[in-house]
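Each chain carries a letter (A, B and C) given by its place in the written order, and its residues are counted from 1.
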Amino acid sequence: MISLLLILLPLLTGLAAFFIKDEKLVRTWAVLTSFATLTIAILSLCCMNDTKSLNYHCEWLPSLGASFSLKMDGVAQLLCLLNTIAYPLVFIAGWDKTYKNAKNFFALMLLAQAGIMGVFLAADALLFYFFWELALIPMYFLCSQWGGEKRVAVTFKFFIYTFIGSLLMLISILYLYGQTPDHSFSIESFYNLKLTSKQQSIPFWLMFVAFAVKMPIFPVHTWQPDTYEQAPTSTTMILSGVMVKMGVFGLIRWLFPILSTASFVWGDVITLIAIIGMIYASLIALRQDDLKRLVAYSSIAHIGLLCAGMFTQNASGMQGVMIQMFSHGINIIGLWIVVDWIERKTGTRKMSELGGLAQKAPALTIFFVIIALANIALPLTNAFVGEFLIFNGLLGSFTLYNVWYTVLAGVCIILGAAYTLRMIRKVAYGEVNELTANVSDISINGKLALGIIVVLILAAGIYPQPILDLTSGSTDSLVDKFDILRKALLK
Amino acid sequence: MQNVLQIVYLIPLLPLIGFLINGLGRKHLSKSMISAVGCGSILISFALSIWVFLQVKGGNVHTAHYFDFISVGKLKIPFEFKIDQLSSLFLLIITGIGFLIHLYSTSYMKEEKSEHFGRYFSYLNLFIFSMLLLVMGGNFVVMFIGWEGVGLCSYLLIGFWFKKHEYNKAASKAFIMNRIGDLAFLIAIFWLIAKLSTVSFDEVFTAANIAKLSSLDITVITILLFVGATGKSAQIPLYTWLPDAMAGPTPVSALIHAATMVTAGIYMIARSNILYSLSVIHAMGGEQDIRNMGGLSKKLKITFITFLIGCIAIAGIPPFSGFFSKDAILLSAFIKNPVLYGVALFAALLTAFYMFRLLFITFSGKFRGTHDQEHHLHESPPAMTIPLIVLAILAIIGGFVGIPEVFMHGGDKLGEFLSPVITEQEHHVSHATEYMLMGLSTGLVIAMIIFAWFKFRNYQRSEATGFGKVLENKWYVDEIYDAAIVKPIKKAGTFFSQVFDNKVIDGMVNGVGRLMQYSSRQLRLVQSGQVGNYVLLMVISMVLIFVIQFFLRK
Amino acid sequence: MPINYYIFLSLALFCIGIVGVLTRRNAIIIFMCIELMLNAVNLLLVAFSKMHHNAALLAGDATTIAGTDGQLFVFFIMVVAAAEVSVGLAIIVMMYRNIHSVDVNFLNRLKH
């Protein structure tokens, strides 16, 4: 029941927002409802094992074997929590911004939240696909209406990229649907499929490409920097903080349990691609002058690590991915808030034109440095726990090349430090110039949003165990599945 | 009943609180308040450390377990502190010297604005906090937390005056170079987890677990840990950040690097000594209190004397502390391999040479600074001289705790104290050889000093030439790294971002779109409007279909 | 008469129709050629229908209706062809009224 509420609330309030003309009112409406959704998500944590009150099931298209069923396991809970934390943060940070057609903007944002939530909760393949597209459509309008100069071309690219991915996934879903004995889209029938390794390969790649585009990982990532750059920053926050997790989530709930043999067989190839992508994106980030593009590429590097971590297929790696998904979402939203403030106050995102913000905006700089350090996984910040576990998983994974993977991926730790410190140095330190001379320190709502983020960073960095406990059930079952599979294959 | 050592968490907690108070209240607190908080928190920690040290000396060794930091599957990493002989000794050193540095800083930094003064002290407190985590950590992960924390603080301290770009660059460089070492350390931890699925010192260093490690495992882990230590201790090949950091803004912070951070690497090796089983390590313990002398003493009489003592100590003239530690190192090198001994001796001689070169250049000959600088020179206030004197005394007597058996039976108090933690190798040299080696090294060192005296007594700055120039530029290692690593990375980044990402990958993506547009444009031409053409196409297609049908049927 | 003769005749008629459609520009002639093709097919249908029917009779079943469906098709085609003629001729008449010509090449403006 709670899961249904989590989707319905943003959906209905989003639709209602279309009819609120007054800008201030609609903004307040958005903040309040996003807090209401957050409350429900927190409530869901209280009844952790009570599946009856968490899940929801009703008939939808019985003739097709599709039902409207929602399932809320630990991973879904964590990601719903991320989704519901992200929205108030984004709205608070953007409190002092004005949009043309504000009602449409906030309505679409809330609709996107409903779509994303549905993706995390759907326990029916057709429903999953439905929500997957539903989350994309508001994003398309948000980017193409409120974006930067090149928004039309960039949004078109973004849409085509993700849409092709979705269609490939649809083909895969339909194939699997055809294989189910009872012709049903329900997740249980998909889980019970017994396919040979040969049968799994093609649907595996079709589905993986869809998730890979969404994450995105190299080499299907080129929509991402452009879109992050051109989209309105609030939308970018949601895109990078929450929406890209849809791809990783897809791996956990759909790809791995259904097509586990293929996931095991192709694991090495994909890990290698992911790690190449990490190094590639880190190297590019090292040479960016535009702040938004730098953050975008650093995000590609981090997501590459998440993907590699998933394919370690052991407890440490996967648990690392879980907590890292949450951490990355929080951290990158923080970075965007800082970047957005800098752009609004100086009118530029070019690092070569910035400098000396530490003198003009000390509070902003402190937040910036803390979040940036969390981005490079300094111990006692949230990202350390995730990266530590993922790297540990990489070295402990069952491939022949685990040491090489770890070392290569480890290079990104160093490169990450290099580009992040370069960013801090160029933006915050040095002498003030005429562009930055009149910058004021971050406003009170920005401070509030960043303060919450820093608290979350430290809390999850010092005591991460609750989050790990939340997701351990889901990963344990996956790990068991892979263990059995591995033993069977190696016999 | 719970062990009294359960409360050791107070030792790192106090500097952390100091950091928070000074960091958050830097705009509101007065300078004297800030100094009181900064120094006071460390002083209490120091007092607690003494108490802990006495406890440990009384035989009370304890691992305090607080909460589960990370627990995944079989892997459990608790947040725990391990208090034994080794860590209690280092606690004393860190809080003790840390306090002296704090004290020194109160007057050194007194001309800063109170905002920056507070910031500075908060960094210092954070530094001590990290160092304490490092030495108290009961497993490799907690140690690593402190390890990276120290790197962060050095980054913050080197870049303290953030307006200057070269300082910021030096800071970034220090952090990144440290990270290379950190990565090696991390991989060593992962390796241990993969083999033993534990990182706690208590569990790793048991005979049963050590036996589980193959010789390859041990080699890899020790090498990786060693690389980690080189990063932090600024050894070849990861040392080039240290000169930059020293040239950086705050000599005091430079000092703290030399004094404490360098110790971190030594501590880590000492902690994992079972894997190394070298006997030299305990000798290194004495080394760090001398090192800091070099940086501290810059000005005038008392300073000169303390500086001289520092130099002598580092150069290793008996009976100063450096002598015994250096001697112990040389001796064990000799036991291992005479070639190693030669190399170590040569390095020791060079050290003596450059320390005295520094001394003579600084204090003899004409003053080479500007008038303005000359005007500012004055004898340091007590807050600065007292720490110096304390350190000098330590440098003199420090050596005696590690006095070798050859001089005094049972004199090696330090070795005795640490023996539960550190496994010793038996010495297999006669006393005569030991005397001879000592004599040889001391003689050579004195000769070196005299040589330096003649060479630099009337030193005037001149362009170094030939080999001297190579040395002056630190062997051009920075330049080599720049050319061999940094530049290619930058080039690759530029290539990837401007060519590969834009042209190749995005080119392919856009190419697909363009291909579609192009082919539609071409296909459009078929739609000519000539009815004849349509019919012709229709007929041809029909014929084709028949032909295909005809052939496929066979 | 062997079936071959019918086949060759209708093939010849069909080819004449195709060549006519392809080469002539006068809409009315093209139209006639299309009719020719349709009738070639009709001829073939009737011929085959008769053949099958005779074969069934020879097999001894006096009441058989085998093969008669081919002749039904012929009626069907005739009806469609009649409808087509009425629409087609109407178009040609309109075309002549507009451009005073029945040359189909003048119609290429339709593509714009």
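Note that in this section contacts are C-beta pairs under 8 Å (C-beta built on N, C-alpha and C of every residue); 3 or more make two chains touch, one makes a residue touch a chain.
Quick caveat: nothing in here was measured; it's all calculated off a predicted structure.
*Asks:* Using the mean of all protein Cα atoms as the middle point, what chain has its own Cα mean nearest that point?
*Replies:* If one averages C-alpha positions chain by chain, the most central is A.
*Asks:* Farthest chain from chain B, comparing Cα centres?
*Replies:* Computed centres place C farthest from chain B.
*Asks:* Quick check: how many Å separate the C-alpha centres of chain A and chain B?
*Replies:* A distance of 35 Å separates the two centres.
*Asks:* Measuring from the mean C-alpha position of chain B to the mean C-alpha position of chain C, what distance in angstrom results?
*Replies:* The answer is 95 Å.
*Asks:* Determine the centre-to-centre distance between chain A and chain C, using the mean Cα coordinates as centres, and give it in whole Å.
*Replies:* Taking the average C-alpha coordinate of chain A and of chain C, the gap between them is 65 Å.
*Asks:* Residues of chain B that contact two or more other chains, please.
*Replies:* Expected reply: no residues.
*Asks:* In the complex of these two chains, what residues of chain A are touching chain B?
*Replies:* Per the touch definition, chain A meets chain B at residues 157, 160-161, 219, 221-222, 280, 283-288, 314-316, 319-320, 356, 358-359, 373, 378-380, 385, 388-389, 391-392, 394-396, 406-407, 410-411, 413-415, 417-418, 421-422, 425, 428-431, 463-465, 468, 472, 476, 479.
*Asks:* Going by the contact rule at the top, pick out the chain B residues touching chain C in the complex.
*Replies:* My answer: residues 527-532, 535-536, 539.
*Asks:* Over in the complex, which chain C residues touch chain B? Could you list them?
*Replies:* Within the complex, chain C touches chain B at residues 18, 21-22, 25, 30, 104-105, 107-112.
*Asks:* Going by the contact rule at the top, pick out the chain B residues touching chain A in the complex.
*Replies:* 67-75, 141, 144-145, 148-149, 152, 155, 159, 162-163, 165, 168-169, 171-172, 175-176, 179-180, 182-183, 186-187, 189-191, 193-194, 489-490, 492-494, 496-498, 500-501, 505-506, 509-510, 513
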